[in-house]
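Which chain is which? They are A, B, C and D, in the order written, and residues in each are numbered from 1.
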């Protein structure tokens, strides 16, 4: 019989667990109990699915990329369109789930960390919708780079708290959010944006994102009558990938997670956690991370703020170790080419995060046969990345 | 009734403890030794020697800044443990507790970690992000090696208070306010009843920390527990002298530091 | 029996028709024939609906704005979520329809005019998806104001042609697109972005947008079991409004179109065509427009580029004259307040265009009873407007 | 066979017509009169007097610029028609066709429009954005009032060529290239067969316009039709003299203009 992960201690094999200050053990316990109760309450699940359908726009489409498939001359390429979600990425699925849970737990205030601002916007959105107070922690460097998303959050009524510690990016924002939660856990709900953090977060976020894989499976069978040969998703913390992969774990589909190789995995500037990192503890969880010989966490790099993270969800670490998922990495440059190709061939501008999955998939699709099929999780739209792209393509000229 | 707590025989009393915290290497390893000497002179009973960490989740901005300064000196877990014999050489006799986040310990490996603690004569270890449930193995190893593994307990530890307190070694670290280190402190009725509950179950001294920064705080804590832990306040006093150190007025600065500490714990 | 509009001459009562240079009469004839043939070919309709579903993300959600309804204390407010369409507005529905028609007619090149860039992006998207060459005409002033949308179009492979005549805004871009079409009508398809222009454009665009109203009716009946009391939509050229209203024209729902009053209809700076304009000819169609006593077209003004147009679709002129639809106008200021209110209460940042419909609806909803229901067409998302909003709210401070 | 075309009796020949176009008020109403005089002197048979319009859909950039200049002079449909008697006074005897977009006519109203044409003695009217299908009423009124309503026909008018040609009054305006005014011109086999087809059905002179800008163009058009319409080229010649007008060298400029026109239509 297949073992169920995470186990009772919140472990996925060797990974996961709760490595947090004592003050958080109580709130995590409270959260776990509330979550278990909610997930076995049909009324809660119904509300969650109702909001997904009537507010977030689910189910999202499954698009056949016909021009692109022909152009690459290999496998048939399908795209799961999380970019069509309200606010523009898969992040909202999870924010809705946790937002409803916060409400159910009687918490009136939520906190969230954000890098590029997508999870921050999703959290602020859910806070507005459900009438919660919202504080978003964001590195001061990211605030500078993502002015528009900062403005969106403020417009939504959230307070954006600038974090100047460390490099002022996602890792530091997460540290600060956790610290704030430590000090204010009694009445605050911490809405984590990926399958990271202490138990039960990795499980909870996965379960609120598995709607991606569940829908995909149904939709794919409707159009192709069989499952895809390969499924691709980009991996930052790993939530869009877990959401997509989880329902397919027992199926004969090859699953491929794609990390950010930044300027190359042979340079110090990348965010390829599984490819180049080692096991350890980050943000409350035993997993792979990027660190030096002394166990100090090192600064990652990727052109895509959403993948620019030195850790990865513990379930991915487990799937990596057990070889249930294959992990690859893609450079900034490869990602940008794939972004351009999809845009020109299919009229869809993906997020730069997503473009990493696309790049790996396009490489492999070209080597496959037209009888084979692949499915790519199009985790988000590229509107947020226009400034970065403009800078980049102008530099190139 | 407290059982004999030992720190390898070096902890000679079980109440009215003064447990200061400094970050190894802040602002230099040499000065850390000097601070430790002054703290001992001012009555410290146990020294918490903090290992600077890139991502100190349980610490407030003051200790984060100290860690940043120490990291710029290339301080590491290895070097922090190696500082212990130098402390001894300089005359620090009180037990030393290595305060480190978990990840550096993982990277070093348990075997090497305990080997180093033993070789360098550190008497205790405290890992703020390794709660009771995740620490069974290391607690076993510590016991085996005769190293005190210090546990923390918080007001919201709830049903786990009894369990944690009953298994505590060395001393039990009570987080008196919910929050990271360095917050402001007031001892509410709830805090008092929390400390009382901890004391009921603990067989080692119960010390209270997080937010102690005035002599009034110290008096308050003393009244209700077995010891007071002071961290951020000490770091802030060190920070106040950074300029003096840079200007070569080391002796004056250390003397001022000593007098401040004396006032704080008088 | 209800008369069918437009009639054989392309007229909606007194309005519509074809007022174009002789050179365009042939192409319009060709277009009309191809359109009639396509619209009676089930295979064409199937493909159109297939692309809407699998590519654009239809059906879009119908969202009940519960918090907002309670806050206003009047009618129950429902939102038809065209903002969830791929590329962020209703514009894509029409671009897909016309794009498919262009392909069917064997035209390999399309041209389009754009103001804020939404229709330009939709056209460029469709061109990429269907493998067509695309030129977008855009006023040089709008190019300056909408840098990001210009970049999106270019990324999609479209050529953006700067128009410096006139004030360099939408009216001028439209003039120039028509001129270019006159010179190149043999192999170019002109993809107009609203229910304006010569026959058969107003009818064609309406018929490609009526999916909004058709879906809304079905969805509304599912949740409320009866039709909404009032339906609101903003009106620039009038395509989102026609698409929403058309299927409800015979129903006992009150229909309200909302124009841009800019800085006030008593100032010269507004775009309230029906409220303040007079009949005449603009862009090939007899309709209402803003003009001086000599019949020179005057420059409109609105904070929202999509409503900043001196004309209006001829069918609206007819519905105005026959009082089948009530037309109101909303100032910049009222629109911005409504935008903020929706954002804070429901976590949806609407386009500034849309906010005009919201403002009128909110005013009226507050006066209605909780037994009554209203439906607002949320024509697009506000992401494109962040720069404008930032400027505006910063000025306010 | 051409029927008698009249322009109220003022058009005295039915072939080899030279029909220039100027914009009323470009750069001033006074100069428009001067240009008209020179054009007449150079052999013009009919004058197209353009009314500047804010949104001239059928015109290229050259005529758009002329319209902008004229609008800055507050030129309007009313004022353009009122320019006709001034032309007469100055000595312009050839028929004048008011070339205006439709919207100003709507605003004026048909009644007032024809009243004004009559009062001011304009012999014809041409509305480039009012195709055959939309012009039935105004064509009827024009006929009633004795004003020539000029129709346009294009190569892609297709089955409508016959209909338009058969109902044409005054002269028939052939758009020789697909495009707005001012494009480049070459007379292809298709254009030739188009003109031939138009001539077969027309009972009035068939003139060709759009893109005529060199003497070779003029010769070519003359060879195959009854007249040549020249617009953008004339505007460009006027533009070339704008500086001279500003510098007060009016006479020299007008003389140069006259010589250029002569060369063009020689």
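Note that a residue touches a chain if its C-beta (ideal position, glycine included) is under 8 Å from a C-beta of that chain, and two chains touch if they have at least 3 such contacts.
Since the structure is predicted, the reported quantities are computational estimates derived from the model, not experimental observations.
Asker: Along the graph of touching chains, what's the shortest path length in steps from chain B to chain C?
Answerer: So the least number of steps between the two chains is 2.
Asker: Can you check how far apart chain B and chain D are, centre to centre, with Cα atoms defining each centre and the answer in Å?
Answerer: Result: the chain centres lie 97 Å from each other.
Asker: Between chain A and chain D, what is the separation of their C-alpha centroids in Å?
Answerer: About 67 Å separates the centre of chain A from that of chain D.
Asker: Can you work out the whole-Å distance between the CA centroids of chain A and chain C?
Answerer: 35
Asker: Mark out which residues of chain A touch at least two other chains, giving numbers and ranges.
Answerer: none
Asker: What are the residues of chain D that contact at least two other chains?
Answerer: If we look for residues of chain D contacting two or more partner chains, we find none.
Asker: How would one label the connectivity among the chains shown: line, ring, star, complete, or other?
Answerer: Its topology is that of a line.
Asker: Output every touching chain pair, sorted by label.
Answerer: Result for touching pairs of chains: A-B, A-C, C-D.
Asker: What does chain D use to touch chain C in their complex?
Answerer: Residue positions touching the partner: 53-61, 64, 71, 76-78, 101-108, 128-134, 152-154, 156-158, 160, 164, 175, 178-180, 183.
Asker: Show which residues of chain A lie in contact with chain B when the two form their complex.
Answerer: 9, 17-23, 25-27, 29, 165-166, 171, 175, 178-179, 182-186, 278-284, 289, 291, 293-298
Asker: Show which residues of chain A lie in contact with chain C when the two form their complex.
Answerer: So the residues of chain A touching chain C come out as 53-57, 60-64, 67, 81, 83-84, 86, 88, 124-129, 131, 147-148, 151-152, 155-157, 340, 343-349, 383, 386-387, 389-390.
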